[in-house]
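Following this line, the structures themselves.
Shared between the two complexes below is chain A, which pairs with chain B and chain C, respectively.
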Partner chain A sequence: MTEPQQAAPNGLQIELGARRVSFVVDEALYPLDTIQGAAYLFLDRCYVFLDRPADQRVAVVLKAKGEADEPTLDALAGEFANELLNQALRKAVGASNAKIREFILAKAFFSVDAPSSIDKLLAELDAEEMEPLEIPVPWEKTDG
Partner chain B sequence: MTAPQPRRGLLTTPLRVDPKALAPEVGFFRYGVVGGKVLLTNDGGEFHFLPTERFDTFLRGKIDGEERAEMERKGFFKTGLDIDRMAGRIRRKKGFLGSGPHLHIVVTTLRCNHACKYCHASRTDMDRVDTDMSLATAREVVEFAFSTPSRVLNFEFQGGEPTANFPAIRFIVEHALEKNRYENRELLFSLVTNLTLMDEEKMRFLVDNGVMVCTSLDGPEDLHNQNRGWIGKSSSYQTVSDWMERFNAAWVDKGLDPNLFHVDALMTCTRASLSRGREIVDEYVKRGIKSIHLRPLNPFGFAVNTWKQIGYTMEEFLTFYRDTLDYILELNQAGTFIQERQAAMFLTKMLTPDDPNYTDCRSPAGSGTAQLAYNFDGSIYTCDEGRMVAHMGNDFFKLGHVSGSSYAEIAAHPTVRALAVASIQDALPACADCVYKPTCGIQPLHNYMFDGDLFGQRPRSRKCQEFYGEQADLFRRLAEDTDGRVEKIFRRWTIQRSRPGTVPYPNLPFSSEGSA
Partner chain C sequence: MAEPVVLRYHRSLYATASVTRAAERFAAFGPAVVEAEADVLVTFADVPDRLRERLPDEFANHALFQTIVDARAEGAK
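Coming up: the complex of A and B.
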């Protein structure tokens, strides 16, 4: 038996049922990976079902793993809505900093500031080999 | 009174979050709410607390003055960002990459004279001498360990009760020391023992050769004996106590600093321990032990069968952890130094530019790359827990054998690569966004045991609950530390002193800590 729709704090229209709460998220507001990111954090508390009832719409059903009363289900939907905002912010922060993070990580792990020990060793070996062969000596100063 | 356990990832404290307000000059950050403040962390391992009402100001790039300068120095804004400093911090934090396995766990035998309620070490009875490591295998273990590239080699003897096969311990120590005359590595030996098979000759050998000793001490006598049943005539507690005192006296006789040279001890928390945190700490303080590791049960092996008797929820453990940490801090504030080791490990990550290279809390995980475990028969495993899983009938974590495998083969083994991939936080849902990502680590083996796959699901992971809860508690204490007294104690816990006069190991204070 489905209860009449209610409005969650952020304006989501929620439907309450037996041990379950459902609502539809607009993908124009929250991309699919944002919805999935929020859903992941609820895996220990409820069963999560995602569906696509229409283009640009994602239906979310949260089914409690045990008994759950109406306020509990209502709070569950509210927390999910809050988490959507957090996921959206994290996505924005990631996108805004993607290039500079890649640059910093490249600098951290692939920096050419200091030659590697193998490069140093090869340079030393090269230097040792050059002396006996007199390669550094100008050709006009060699015998013959 | 302790704070309620925070929910992982979810921000239940009212916080104005407006993704569209994000100013372009705001740098990369992760965030959460602890102690009534917003905690910000970043890739360089820096953290910063903001009042919750200032979070929106931060998002809009409107923080100014001294706080702006401080946050720019820490790398929370692109303006004023010192890229070289940030890159240097990341490189230093991940300095353990590529250094090779430093921890070599050697199971000299599966035989044990104890029948501890929580044992996960896959023991056999004392007459099963067929589970003793032969000296030929012991030689091959040393040869294999020296074939790895790490400049530090820590041979950690475990079992069973490793001293039940003391000739193997003696041989490995002597052969490694001899071999090291021309290998010139930094060598460390440690013995994880219940001490009940110790005698004067063994003790003299261990002390003379710089083998550090770590034993199990679960708390006061009744609690210790309740957890650790054995077949001896006297109580386990009394025997352990006597040998601890004799070892400590032997090091003093050699003129060594008792603050550095003493028997270390580990406690494992059972249901019976949950209400006795203060007594357990008092027992350690009474013995002059400066460090206690409050460890939850590892529900592998035998413990699975006794879980209903001695087990508990992670929430119950975290309540015990927080209450006991309250008491440890009280003691420190009153002038008695004692550190909690798990906290010290996390605090080293939080408060210093370094990572302690704790193999059980790293990303990528240290299994197979920072540690290897050698079973009595010469089989090589990713870690000691991997060996225990094999004892339960699953060889997934077996990498090879000392007589037929090269280190190159072990390092490139599909299981080692899978463990590395499964423990890179940046690629794991929930971990990548978690505010504690810079200070946390992954144990894929735990995921495998509980979820049936190496990746697992963070919200259902017991290890994630443990690490998240402990870090949340430590950051909460820092957030509420208005006079700096707690941070002063915490910083002292991060200072490691090496033990001069024995085999050196300057940067590797932590081991895997098996059960004695």
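Coming up: the complex of A and C.
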């Protein structure tokens, strides 16, 4: 690490080094699955390493896969911070909508107004048997 | 003989089973996974010099990927 702590626009205390940027995330604000969700989205862009410097703290190290200058690394940290917020929001919305989702699913699965597929099949079979124009005629009688 | 490459991951962040699974994909480098108190240690004994710098980065991504995928699969059960 070549530089001491810097304050990024998003308020994260980031540390810049050669091709890498690191910062510490408070697990009380962003649970581990939120941090993992954000990390997952960055795996193809950079190398991601997580560490635990203290209880309830997760250190995130992002290392560029190629050459990267300070503004690029700073932007990378900022994007990760935004993604943390995005993941946290998705989780919160998902949790608050869980009951509604379950209700909609249950309604979709258990509404029984429509006839079942077996009923439809049987009805089609009945209709075919009742068709008057397709009554089989013995072949001897077709010659007139 | 070159020094082995020893990587250390915190067990609360990287599942041992997932790291082991990731290490299996790097078997060509002779990986060994060991738990040591709070950490999971991965030792690569046969790393060519030209890969010694890159291997830890690549393996870190694989270990994290496997941990996240396994955690999600476990959560979906």
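Methods note: the second predicted complex is superposed on the first by the 109 of 144 C-alpha atoms of A that agree within 3 Å, B and C clash if a C-alpha of one lies under 4 Å from a C-alpha of the other, contacts with A are read in each partner's own complex, and residues count from 1 in each chain.
Keep in mind that, in the parts below, a residue touches a chain if its C-beta (ideal position, glycine included) is under 8 Å from a C-beta of that chain, and two chains touch if they have at least 3 such contacts.
Since this is a predicted model, take the numbers as computed values, not measurements.
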Touched partner set for A:L73, first chain B, second chain C, both or neither: neither
Touched partner set for A:L16, first chain B, second chain C, both or neither: neither
Touched partner set for A:K63, first chain B, second chain C, both or neither: second
Which superposed partner A:D51 touches (first chain B, second chain C, both, neither): second
Most chain A residues touched (candidates chain B, chain C): B
Partner chain in contact with A:L43 - chain B first, chain C second, else both or neither: both
Touching partner for A:A81 - first (chain B), second (chain C), both, neither: neither
Overlap of chain C and chain B interfaces on chain A (superposed complexes): 37, 40, 43
Contacting residues of chain A [partner chain C, same complex]: 32-33, 36-37, 39-40, 43, 47-52, 58, 63
Residues of chain C that touch chain A when the two form their complex: 10, 12-14, 38, 57-58, 60-61, 64-65, 67-68, 71, 75
Chain A - residues contacting chain B, complex: 37, 40-45, 79, 82-83, 85-94, 96-97, 100-101, 103-105, 107-109, 111
Residue numbers on chain B that touch chain A, as the complex places them: 8-12, 17-20, 22, 24, 26-30, 43, 59, 78, 81, 83-84, 86-88, 90-91, 94, 429-430, 433, 457-460
